[in-house]
Structures are given as structure tokens and as C-alpha cells.
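If you scroll down you'll find the structure; I have some questions about it.
Order as written gives the chain letters A, B, C and D; numbering starts at 1 within each chain.
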Amino acid sequence: MLSYLLRKLLLSIPVLFGVTVIVFAIAHAMPGDAVLAMITAEAPSSEELIAMRRGELGLDQQVYVQYLNWIGQVLHGNLGRSFVNGRGVGDIVGERLPMTLELMGVALLAAFVIGTTLGVISALRQYKLTDYSLTLAGFVGVSIPDFFMGLLLVYVFALELRWLPSSGISTAGENFSLLDNLRHLVLPAAALALFRAAIFMRYARAGMLEVLNQSYMRTAKAKGLRPGTITLRHGLRNALIPLVTVFGLALPTLFGGSVVVETIFQWPGIGLMFIDSVVNRDSPVIMGYVLITAIIVMLANLATDLAYSVLDPRVSYD
Amino acid sequence: MGADMLAIDRAARAIGQQAVLSVQGLSVEFGPSGNSVYAVNDVSFELAEGESLAIVGESGSGKSVTVQTLMGLIRKPPGRVTTGRALFRGRDLLAMPDSELRRIRGRDIAMIFQDPMSSLNPVLTIGLQLTEALREHQGLPVKEAERQALDMLDLVGIANAAQRMQAFPHQFSGGQLQRIGIAMALVCKPSILIADEPTTALDVTIQAQIVELVVRLQKQLGMAIIWISHDLSLVAGFVDRVAVMYAGSIVEQAPVERLFAAPVHPYTIGLLNSIPSLNAANTRLVPIKGAPPNVTLPPTFCAFAPRCEHTVARCREAKPVLETVGAGHATACWRWRELAQAPRMPAAPIERVAAAPASQAPLLVVSGLKVHFPIRRGVLRRQVGAVRAVDGVSFEVMRGETLALVGESGCGKSTTGRAVLGLERPDEGSILFDGKDYAGATGDALKQRRRDMQMVFQNPFGSLNPRMTVGRIIGEGLRAQKIGTRASRDARVSELLALVGLREALRNRYPFELSGGQRQRVGIARALAANPKFIIADEPISALDVSIQAQIVNLLDDLKTRLGLTYLFVGHDLSMIRYLSDRVAVMYLGRIVETGSTNAVFGAPLHPYTRALLSAIPVPDPKAGGTRRRIVLGGTVPDPSRPPPGCHFHPRCPLATDICARVEPQVRDFGANGAGRHLVACHHAGEATP
Amino acid sequence: MTDATAADMTIAAATSRGLWGEAARRFLNHRLATLGLVMLAVIVLACVLAPLIAHYGPNDIDLRGRNQPPGGIHWLGTDGTGRDIFARILYGGRISLTVGFVAVAISAAIGIFIGCVAGYFGGKVDLLLMGLIDMVLTFPRLVIIIAFVAVVGPSIFNTMVVIGLLSWPSIARLTRGEILSLRNQEFILAARSLGTSPSTIILEHILPNVLSPILVAITLDVATVILLEASLSFLGLGAQAPAASWGNMLRDARTLSILESQPWMWMPPGAMIAIAVLSINFVGDGLRDALDPQHIMGGK
Amino acid sequence: MRRFLMSLVPMLGLALATGPAKAADGGTFRSAMRTGCIEMGTLHTTCGHRLDETVMQGLVHIKWTGDGVQPMLAESWKTADGGKTYVFNLRHGVNWHDGQPFTAKDVVFSLNLYANPKVGSPWAQKLSAVAGYKAFQDGSAASLAGVKALDDMTVQIELDSAKPLWVDLQLIAISIFPEHILGKVAPGDIKGNAFWVNRVGTGPFIWKKYESDQYVEVDRNPDYFLGAPKLDRIIYQIYKDVPPIIAGLQTQEVDAMSYEGGGVPISELPRLEKLDYLSVLPKFSAGLPTYLQFNLENKRFADARVRQAMLYAIDRKAIIETVKQGAGELLNTLFPQEWARAKDLEPYDYNPDKAKQLLTDAGWDSSQPVDFIYYYSDQMNVDTVTAIQSYLAAVGVNIQPRLLDPAAINQVYADGSFQMGFFAQGMGLDPSLGSPLVVCGAKPLAMGYCNPKVDELFDKGLESNDRAKRAASYQEASRILNQDLPKAWLWNEVRPLAFNNRIVGLSQHFKEQPLVIFNHAVYNEVEKWEVAK
């Protein structure tokens, strides 16, 4: 197991390296740079000033030199400084990552719990009205883009019903309270979760249907166990196993989705930061974002593998 | 029903006990009405306390559906019980709500299933799975339930039971798992045990262990057994009564001796005739013609009529009901009275046409063949070991003979076959075919060999490309070898279809439109396309129904004679092998332990493993059960990546001594003069088994 | 139901319709799939024939006739510059569907190629390509597309290509997995033992058999890409004004007034996205059932 | 889906019942602010100046009425030589929020900080007229020679030449920083310094808390020199996108959509106007001339007839009335200020036939598409571009719009790699701010236009602070620009604003403000605002 993890981590190094090279190239291929992004017509900058600022930021060097400098810093645990405000990228990301993780975590968890529950119910009621309605709802769920879902949620729950705040992470200026935070979390998390709940539901239904056909379910029934025991103890455990993969694959898309949802709901996470950094050509922040998300996705993949081996005793890595 | 129930009732009473279970007129359908599969049609039987009843039938005969219906295990929908009652101690299992039936399931009626691996939940410990029925039905506290479960594990012969309670199913071998499955079924001490083909997925030596265990436990616990099987020979040895099912109906039931001695239903007779007997070697098998029944037609006629030699118009018009033949013996056939007058067997046993005598010139000489599959582990994926699938195998196949390579699963027999054909790269050894060494050959050399040497595969479902028509599949070898023109290839395909007994019309069908037997014929035709000299048949019949097996075996036999072929037959069904092979090589854990003429090996086996293997073969003769001496091997086959030192067999060998653990036995020839060589690799070859 | 009866039913049902005929029959028996196919066909046809159906051009502005609710003249009303929503839906569908199909065609071509190479050659090549696949899968796709579009500039062509270039790993993985599992099938062994050449094996035995799961995946990918295009257009990175795509039409809904009181501007594109995606999902689901190898390989 | 929503209902109900308690205080004012303004500090950005009204302050601020400046940290000033040397008397008794006294040292330090080349502030240019600026910039001097503290409470600033409007137009951009804090920071480290997210100023409100991309909270300064504010605190809520601000206005999560929030999109006006708790100012002049940019280095646009044709081709009135819902004033020259415009300008009324004729005369090749860039991506502007595209297409000018972000725009400008564009330039404060658009060699916005006469008139416009004299120069320039059309002037942008009536004094002050004043602190008596009882 340990050697499997080590091997995976070892293999992820070149992958990470490749990711950074590509993204660095992309970031530098963008038209304009951080210095140009800061210019506005009201404060036109002289060419000397632009050159000076480029020099300060190291933007006057060859791209590969810039990359080597950057990667050198990273290897020393330093993600560099934002071109825009000079703050340490590590600090900025560290400040915002928890917010994004809160949003994504709650969304993923909600999607998982809701989707799995409905999927299992749907499977247990196969070919009944419940199943058909849930399946149809699931299809509709995966047909509505999450940004649109976000708009609809804001409209219904924030503007019309006035039940929930329309944006932000907590009421500005109030002392942080978990309840307040959760009220703000409901809509963006729901916007992210509903689409994915529909996906989880589809997989949970398929998984459960497959499990229901397994002989061990018949064995359990033949033992005279209660239907609830059979479904939960024997069925669900096994049906969950393939969902682990779905869980792992959902993560990268969740980062993408959070960019959109954070914009709609003014959720101050790294998605919002990323959009700004692209506009500002703040390549240290872009790189920081990509590196962190890549690492999280990789760790999540590892966690997926681990979860597999926990859920399924047959799986052992070596 | 009706009058016939009386007959059954009498039959049950004849045994002198009270019926614990009485099934009356059970019919089960699947799917929407109007488009149904008629899985079980008007099935009635009784089971006395402590009695063992076998329900025998081929796949699709409805035997499993019948017992699963009793237990409330079929899924509704799509399943529907259309008629019938099933009285368990007077209460109708089919009429009670599931919550009530649930209290009977597992407590009074328990069940063991076919595939022990898939019928245990892979993610729960066996301790939990063993105790949950006890806790459910008897409300025992965990500790007490565990104690009782432990006792039961001891009873079924799981060593170290206390520790193994925490283990998961995948950590056990198939045989152990089936023991656990039995323990699980028996923890509540049920009065009926339903065994649904519990040994089908197991090797023959393990099968013997399990049968013995169930028989012992039945005596100890005094329960009744319904044993579902497709194998008449297997049940012959230990059940009281047999019911034969075909296409959802019981066609004949009788006490076991009577069924074997005086069967009356043409299907039962056909079934018995298609099983080779270990004793009567040279009687040609008599297969049942045709394909398995179509169960999507309403059961308004005799389902066996299309395959029956004695069909008359009435058979196609009305479904026969069970009629009493004798004490406890009933059958469902319109013509049983007439047929009972006629000779029971077809005229006279047809002598097997002897093939041209095998020459003494070897066509294939394999020596020192090793095929190892590397195991890589660790951070750097270094090779840390190897599965020694084939670990130094030598044999020769003479022109015109059939050499059978036998052994249990995992012994390396299939890998050997594939290595001979060049589908696996040997690590060591030579493969001389027609005098040329082909070991490790590639490219043209390999291509040339493949003209002369072909293979028939095991799985009739997996060995045909589902997206090719039969014609293309058969012609593939011709195209690959660029033999002939398009027209000549087409003609050849027609010829081959005729050769293997398939209608020309099937040429444009896809494999999924064919039955198992037809598919296997296609596989054979494909192998024969380029006129090979040598055929490797890798368990070609093991996936087929008994009545179809005989068809394929006869076909292979005929082709050998007609085309002058040489066969390497890889298999595990010893009775079939005895029937069709000239010489036998017995493999165990990557090595050949005994080689010799079929008669010599089967008649006077010298290696203790061969002896155990042979003794474990079920015999289709209820009387033999008592007289045959069984050598039941303990333990299971070791992991081929860590074979035991010295003789691979020594940990399980009844004759093993110190030397066996240290020294690998040399092959010695025990052949009598003129009878050919009889090679044995054993330090104690021929010594009497204790 | 027992496995045997399933096989029997298939055999019984099998006439000489052949493989694809059989698949087509199963597909058409799938009610939702048929519905999906019909809806999709109608949408595609309407988009292709847009000039014949719509009375207005997609970019014909009519400033004095802006924000009109649906009615006899403009069936679905007009937008903020008086363009006919119905016409824009049809023309926008061309873009949205083209993006969906072209991007997936690109990713499928790359994915199948890489998957085949990795699956067939195995060894170091496989390791390298799997690394590449992991790498691309590690990118959050939308995020990278945002960055990419910043480089090449937003346009429908760029969007298509970028999505195509970033979406292949799942198909590659699937192809590879299918090939690996097929490689050990007996019919591949049989073909090898008959002396069939590797290229023939790939073309005749492997590809036709991996095609159906890939076809299903590709179909479902089209739906995903349409949604992705909508997201990108929503962020202003997809189709550029004045060209219509369903995604950038839906962008109007960002204006709360429109969301509230001019639903004819966002409901049609929203509905079209949902219906198109729904139809494609139905079709995909139907294909999955129709092409399920379980049906073809038999019950065992 | 519905099921899920329904299941949320009880959960939401619970959350509602126990929502956060409204701070029971003298009042919190919540104002919307766009993202990215804070962390860079006022030395670097052009946005976020509301914080210079409340926390940091300058020597002078612009009056909300638009007429002249209000003394803030400078109590008074005088110039003896017509605007070459200014002497500022600083306000006595002012303390920094940390208790340190405010003195002339702070003023001298702050001016030097802006001008310091190592700091690299884009606002350094505001001080380019100060004596010694060049020497400081090129490194031959260590400070601004023209800035001197005469004593603790008096500062003298000397310019290179007389600039009578220097205080009104340049000094207003300069904030005063605490020398005792920032003086310890190396100039190169000013950018990104923690000070910017934890500011110490002299204004009516004290910096309390900053949460990135969430809000800035400032609390009342009881010792404020113009009197203790009535509001307890102001929270500047930060938004990246406009729709959440609109939603917040409606739900009263935010009180003000001022111009630093980007203004209310035209399309949202009807929605907000329905809400009785809001005051909506629908036609707030933005002082923002909007125009079609031509790359005059490209020969296709060299002929003035081509440029005139484009203006004739576009029905600007229709666009203003429909797409912009009246939110725009037709403009035929550069200046949004009425006093700077001549009365007899060519109106370029919609006339497509004339446009076609002019294009034919000029030999316009209509087969070649025109690369057309823009960067306002809101609905109204996209619709506007759409309309323009349609109008131009009708006369044979086939533009192909391309949306770019600011960095890309700047790159494209620097490269000259575009043909036309759709832009606007804020110059509400004074006509002189239009010079970068039209004077010779002004990069990048002039795009190859050079008319020495225009340059001369712009110079002349700054020689006096008498509006009548200045108007003559600018009106003359307006005529030339009306004919030359270096850019095709479209209209003067109008920016609707919305305020919650809860805050007394807020909308009232904006109602009196003649036009939007971007990027500069405005004195609007914030200390007198209060929450309605």
C-alpha cells in the first residue's frame, strides 16, 4: 500500500511538472502582460515606466528563464509574489482556498448524499413511477448548466422569496457566525450540487441495480434478513464502490464550476481569484492556482484509491 | 395435478416419512404477459423430512427458478407465480406475505448457491455474514452468535476459524468459500437445505469434498435436502430421489436406483446415454439431437417433442401430465407405456469407430517448457517473482492420436496449450512440431505453424467476435493466410459449414443468434478452415449442456477420423477425456505428474494425485457410490507463484514423506512392454494409498 | 430471472435482422431514446434549414421593435436590439450544435487514436500516454479553457478547437480500457492463432467492438460540450456578438429584469440547451442499452 | 429536482428564523464597490477612491457640486505668481487615526512617494509639473526639489511654470500618507505593503477590517476635524460582477450602487425604479465621451470622408432611445462639458445615403472586413456594438467585433494590430483631460492623429482659470475635432445610479453632483449622513 502511494506520488511529479510548463506557456502567450493590464487611460504610463515595471517583475527575460526562476522558487516552497499587489501567492491562496473548499466540499457532499439516496430509492423502485420521475428529473438535472441553475436559484430564493442572501460568504461586517455563513452557502452550493447530484443519482441507480442482481444479495435475502438490512448493509456498501470513481472525477469539474459559481455569488474563493488573475495577467497567481488545484486533484485521486481499498477489501495496491 | 398428486403422495409415503415440503402445480413466468418466458410449468413434488431430493436439468430447465420461487427469491416483476402452492409444514410459502416468509427463510429453509465467490458479500467479513442470520432469527447477542458461528465453521472444516471470522471472502479459496456458504446456511439449523448447484464452479476434487461434507452434515443435522444439479452422475451417489426437469416441467421423478436402472422418459434416457461412463469405454455417445428448448412458447405441448426420437402428433398438441409408473416413479410422457415395452437403449451400443492407429512418430514434442508471468511490485515496479504457470513440462503427441492434458483449474494446462500455439511466449524449453523448433517463433515461422496447428476455444460466447457473421468468422483464417480467391474461400466456408453440421443459412447470422452448441461448431469450423494437421482443443465442451456436449464430442471424433487430425485435448472432465483420448497427461501446479495411455492411467493410476482425481469423478451409477473408494484430498491447490519445494503435490499427498518436500521427483517409466510408456513423476509411484 | 432465460429470449427473438438491425430494434424499443432521436432530428433539421424556416435573419436588428413579447410576427419575440429570437434560436443552434459535434469529433479522433496506441502497444508507450492523460485530466477543463481563450481570443472556432483539444482523455481512457479488456478475449486469441495480422485485428476485431461504448461516450460528450460552450459563452468567452449561440443568448438572463419580466429572451435558449442535452442523453442512454455487449455476447 | 427544492424549505425556514441580528447601532451604510481596488493602494490604481474620502485624505478634495475644490488637510493656500508657487497652510490639530499628529512632514513625504520612480506609481504624472520632477525620475535627484516644508504646518510647492489650475486638476489626485508609518518602508516595497489593507488615515472613518473580495469595514472617527460622523460605520461591499449588486440593492443587502460599483445597467433600471425604497438617478452624466476609434495609421481610414461616412451611417438617436433607453447625450465632438463645445457643430444626422456616397467617393473597399475591438461586455454595450455593426453593414462597412480584456486591449494598442474599436474615455472633471485622445504623438490613444492646431488650443486652455477664456479655446478645438473626426464621436455616456433612501444625505448629494467624477476623492459631507429613523 505504502509503496503504491509512493509510486503514485513519484509518478505525479512529472505530471505536475508538465502541467506547470503548459500553463506557464499559456499564461505567457496571453496577449498583454501584467504591466499592460494595469494601465488605464486615466493614468497613461510612459514607455520608460512600463519597461521599468517589466524589469521589476522579470517580464523582460526569456520565457524559459522566467519559468526556471519560478520553478526554482516553487522548489523552495515559495509560490512567488503577485504581480498586481505584491502579496505572496501562497498567502493569497491560503486565505481563499478554505472558502472554495468549503463551497466545493459542501456541494460535493450534498450532491453525493442527495444523489446517492435518490439513486438508491430509484433503483429499489425500478420501473415504478418514482423511478421514472427521478430518472427524468436526473436527466433534466444534467441538462441545466450550473451557471443557469445559479441564476434561477438567486431569482427564486433570494429575490422573490427573500429567504436567502444573494451573494457573499457571510454578512459583511458582522462577526463570523457559522449559521450566517451557512445561509450564504446554501445557494451557491446548491447551484454546484444539483447538476452533480443528478450525475451521482444516475451512477448510484446503475450501481444499485447492478448490486441488486448480484448473488450475494440473493444470499442475504435467503438468510431471511430484513429488507432494510439487505439494502443498507449488503447493497449500499457495494453500490458505493463505483461511486468513488465518480467522486474523484467530479473534483476537476467542480473547480471549473466553482469559477462560474463564485463569480455569480461573489464567493471569495480561488475561482474568483483565478478569473481576476487572468484578466490581470498575474501569472504567479495563475500558476499558483493551477499548481494548487492540480495538487488537490492528484491528492483527491490518491484519496479515491485509498477510499477504494477501504470500501472494498478485495482491492489491495502493491 | 390431480390424479398424479396421489402418485407422488404415495411415493413419498413409500419412503415412510411425512412431507416437510409439498409443491403443487407451481408455474412461474417472466416478463410481461403475452411476451412471457415460461420458466416453470405446473411443477409438483414433495420432500419428506430428512430426505434428499435431486432436481436435475440442463440450463433453462427451470430447476433453479423453482427453488428460488419457494424461497421468494425471484424478483417480481419481472417474475410472476401464475399458479401453485408450496406447503411448508402446512403453510403456503407462496401465499404468505414476504415479512412472514422472511422468518422461514434462513431459519427453516436455507440455501447454498452455485458460485461461492459471488454469493458472499465481498465487502463484509465472513464473521458478520455468518452471524447476521442468527441475530436476525434468534435474536442472539453478538458474542453468542459468534460462538455458534465458530462452532459451525469448525463443523464445516475451516481451520483457524476464530481468526478467519475477521477475514473477507476474497481471502479464501473457492472450496473454503463453499464451506463457509454451507456454514452460513446451516447456522440456524434449518429443516430443509436447498443446494443450488453448489459444486458446479468447483474443481472435481473440491467437489468431492463438498459433497461429502453436505452428506455428513445432513446425517448430523437430520435435515432434508433439495440438490439442484445439471449432473446426473454427481447426484447418483448420494440422493434418495431424483426429479428430472426439462423446459420448466418435471418429466420424470423416481427413487435414484430406479431412475438409473429403469428410466422411462426419452429425455432421461437420452441424458443417460450422452454421459460417458468410466467403465464402458468404447460405446459411442448417443447425443440428444437438436438444441435446448424454446421457453417463450406457452407450454401447451411436450417441450421435448422437437428433440425426441419417438414424437407423434399428440406430443405436439398436448402437454403430457405426470403419470405414475411404479412406486414413487412418475413420468410425463404420452408414450411411456409403449416405450417401456421397447428396448430401453438404442438397439445396441454402437462401437466407437477406432481411429487409424496412432503412429509412433511424434508430431509434436514439447520439452522443458516453462511459461512464467512476472509479478511486479514496489515503487519501481521491479519484478519480485513470477507465477509459474507452466514450470517444466515435457510431452509428445503422436501423429493421429489424441493426447489429453488434464488437471484442475490453475494447473497450467491451458497455458501449455496456448504456448504450443505460440499465443504465450515460453520462457524456456523447446516445441518441436513436425521436426522444427518453434519455441519463441515469430513472424513467418509462426504464421506457417498456424497453418498446420489450430485451436478450438473453451467459451463459445467469448471466442467468436460478436460483430462478425458466421461466414466471416469461419473464413478468417483463410483470409489471414491469404489462401485462395474470394470465390474459393466462399466455397470452402460452405464446405466447412456442412462438415460441422451447420445449415448453410447460418452463414450470414451473428454469433448471438446461435445456440451454444452451434457456436462451438462454428469455432471448430474456423479451426479447420486452413486444413490443419493438429488441433488444440481447450476445454471445448465444458461450457455446454450435457446433452450438447455429446454432440460436440462426437463431432470432434468424426472429424479426427475423416480428416486424419491429431488432437491435443485440454480438459478437466475426466469421464469425457477417458472417452475420447488415446493418451493422457495429468498436470498439477505447472508440471505433468503422470503420462500414459488412457487405459493405463485410468486403469492403474500410479501417481497419488491421479488416483485422487479419478476417485473423485462422479459415476452415473447409484450403486457404485457405496463400493467405490474415494480419496478425498485435503487442502487446496497452492499459489503457483510460490509452489512448494520438491514435489509440488507433497503438502496434499497421502503418501508424502520427507524426501518429497526436498527433492523434485524424476520422471520414471512404468510402462509394461508393448503398452507404451507410462511416465510418472513421484517418489512413491504406485505405492498403495493408506 | 436466471441467466439462461435471458439468453433464450435473445435467441428466440433473433431473426435474421442482423447485428445492427437488432441494435436498432432495441434502440427503437427504448421509448425515451426514440423520443430523444426524434427531438434531436427536429432540432438539427430546423437549424440546418434555418433560412427556410425563419422569416428574419439572425442579426436583423429592429431598434424600434425591440423587447417584443412573442406574437404573430415574431413567434418568440425579439431581443434587446429587436432581433427575432426564433431566428436566433435556429441560427444559434447551428453554432451550439456545431461546437458540440466538431469539438467532440476532434476529441474523439485524438482520444481513440491515443487510446488505441496506448492499449495496443502497452509498456512504456502506455505509461507515457497514461501520464499525458492524467496530466490533462488534472486540469480543470473549464479553467484551462478560460486561460486558453485569453490566449487565442474568444471565437467559436477557437472554442471548438480548445474544447476538442482538452476533452479527449476520457475517450482515450475508455478506448484503452476497452482494448485492454478485449485483448484477453478469446476471439482475439483466436484471431491471433489464425495468423491474422495486428492491423486486421485492430480494424476487424477491436475497433468494431470498442466502438459501441465509445459511441455512447461520444454521444454523451456532445451533451457535455454543449453545456460547456454555454458556460463559456456565459462568461463571454464563447461565440462573439453579434453571432448567436444558445449560450450567449442565455447570457441575457444575467440581467435580472430580463430574467424576471422578459422570459422569452432566455427561456427559448435555456429550453433548447436543456432539450438538446436531454435528447442527446436519451439517445446516449438508448445507445448504451442497444449496443450493450451483454445482449450480443449472450447471457453468461 | 422539485423534491430536493421542497426538502430545502424547512431547512431554509430554520435558517431564516435565526438570521443574523441586525447591528442595533447608529447606522451602517453598505456601499457596493468593484473588485480589485483595494490591495494595490491608491498609489497604483485608479479605482477605490471612495476610501480616500473616508479614510485617507488629500490636501484638497473636489466639491460634490463640481465647482472647485474643498480644503481638507490644507486649510488654505495661496499663490503669489499666478500658479507657479503654492503655499499651503495645513490644518491644525489633525491627528492620524493612530494618534500621531499630522504635520508638513507627511505632506512632503507623500508627494515624494508619488513621484519616486522606485515606487512606480502611475499617478506620478500628476506631479510632472513640480519643479525637479524630471531630475527625481531620471535618478539625478533624491527627491522633488520643488516641495518644501516651510515649517511644521506650512508646505510650499513650486512648479516648473505657472499652472493656474494645478490644484483643481492635479493635486486632487494626491492622497497624504502617514510618514511615521510608510517612511519606514523602502520605496520598492510600497507596492503590496500591508499598509494598504490596514490603512491609517485622517478621515471621518477609521479603517477596521478588510476581507479580500468581500468587504472593507470603516468605523466612525469621533475626533474627525469636520465633526464626528453620524453614521457608525460604512461597509464597502466588494463585487466582481454587477448582477449581484443589483440583487443586493433589491434585497437591501447593499445601499448604494454608485459609479465605483459600475453604475446600474440600463436594462436593470425599470426593475429598480419600481422599488420605493430606492432613489434611482437614471441620467447621471458620466462625463464619458464614447466614440469609434480608428487606427489612423491604417490607410483605409486616412480619408476623413470615410470617418464621416461611418457617423452618418449610424442612427445614433435610435440607439440612444432604444438600446440605451435614453441614457446618452448625442455628442459630435470630444467634450462632454457643454461649456467646452461650440454650438455650430455638424450634427451628423442619420443619413445612410450620404454615408454610401462618401464611402464611394473615398474609394472604400467594402469587400474587406474591418477588425473591430471592444471591451465593454455588459448587455447594453454588446447590444450597441451589435446595432453599430448592423448599421455599418448596411452601407458596406463590414466590421467584425472582437471582445478583448484590458491587457489585450493595451497590447493591441501598443501593436496597432486593429482597425477600429468602440471605446469611451472618462473626462468629466475638465475638458483638458481629453488631450491624450487627440494631441500629436499621445500614445496610445491618439492612434496617429496629429493636428498642431489642436495641440495649441489644448495648451491654451490651461493657461487660465477663467472659464470663459478657457471655453474659447476648447470650443475652437471642438469644431476642428467635429470636422476631422479622429474618432467618430457617438454620445456622452449616462450612468444611472441607485441609492437606498435609508441613508439620509446619500442620494441628496449625488443629485447635486453634475456629472460623475472618476478616480478622485469627492467631498460630499459624508460626516453628515445618517440612517433614517
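What we mean here is this: a residue touches a chain if its C-beta (ideal position, glycine included) is under 8 Å from a C-beta of that chain, and two chains touch if they have at least 3 such contacts.
All values reported here derive from a predicted model rather than from experimental measurement.
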Exercise for the section: Tally the contacting C-beta pairs at the C-D interface and at the A-D interface, and name the larger one. Expected result: A-D
Handout entry: Most distant chain from subunit A, judged by the mean position of its C-alpha atoms
Key = B
Fill in the blank from the handout: Taking each chain's centre as the mean of its CA atoms, subunit B sits from subunit C at a distance in Å of 46
Problem - Interchain centroid distance [CA atoms averaged], subunit B/subunit D, Å - result: 87
Fill in the blank from the handout: Whole-Å distance, C-alpha centre of subunit A to that of subunit D, is 37
Exercise for the section: Scan subunit D for residues touching two or more other chains and write them down. Expected result: 243, 247, 250, 404-405, 408
Handout entry: Sequence positions of subunit B contacting 2 or more other chains
Key = 75
Fill in the blank from the handout: Within subunit C, the set of residues that touch 2 or more other chains is 150, 153, 254, 256, 260
Fill in the blank from the handout: subunit C residues touching subunit B in their complex are 1-5, 7-12, 14, 16, 18-19, 22, 185-187, 189-197, 200, 204-205, 208-209, 293, 295-298, 300
Completion exercise
Touching subunit B in the complex, subunit A uses residues 3, 6-7, 10, 127, 212, 214-216, 218-227, 229, 233-234, 237-238, 241, 311-314, 318
Completion exercise
In the complex, the residues of subunit C that touch subunit A are 131-132, 134-135, 137-144, 146-148, 150-151, 153, 223, 227, 230-231, 234-235, 250, 253-254, 256, 259-260, 270, 273-275, 277-278, 281-282
Fill in the blank from the handout: Per the touch rule above, subunit B residues touching subunit C in the complex are 30-31, 37, 39, 59-60, 64-65, 74-75, 78-79, 292, 294-296, 418, 421-423, 446-447, 450-451, 454-455, 457-459, 461-468, 476-477, 479-481, 508-515, 523, 526, 529-530, 543
Practice task
Flag every residue of subunit A that touches subunit C in the complex, lowest number first.
Solution key: 11-12, 14-16, 18-19, 22-23, 26-27, 29-31, 139-140, 142-148, 151, 155, 159, 252-257, 259-260, 263, 274-275, 278, 286, 289-290, 293-294, 297-298
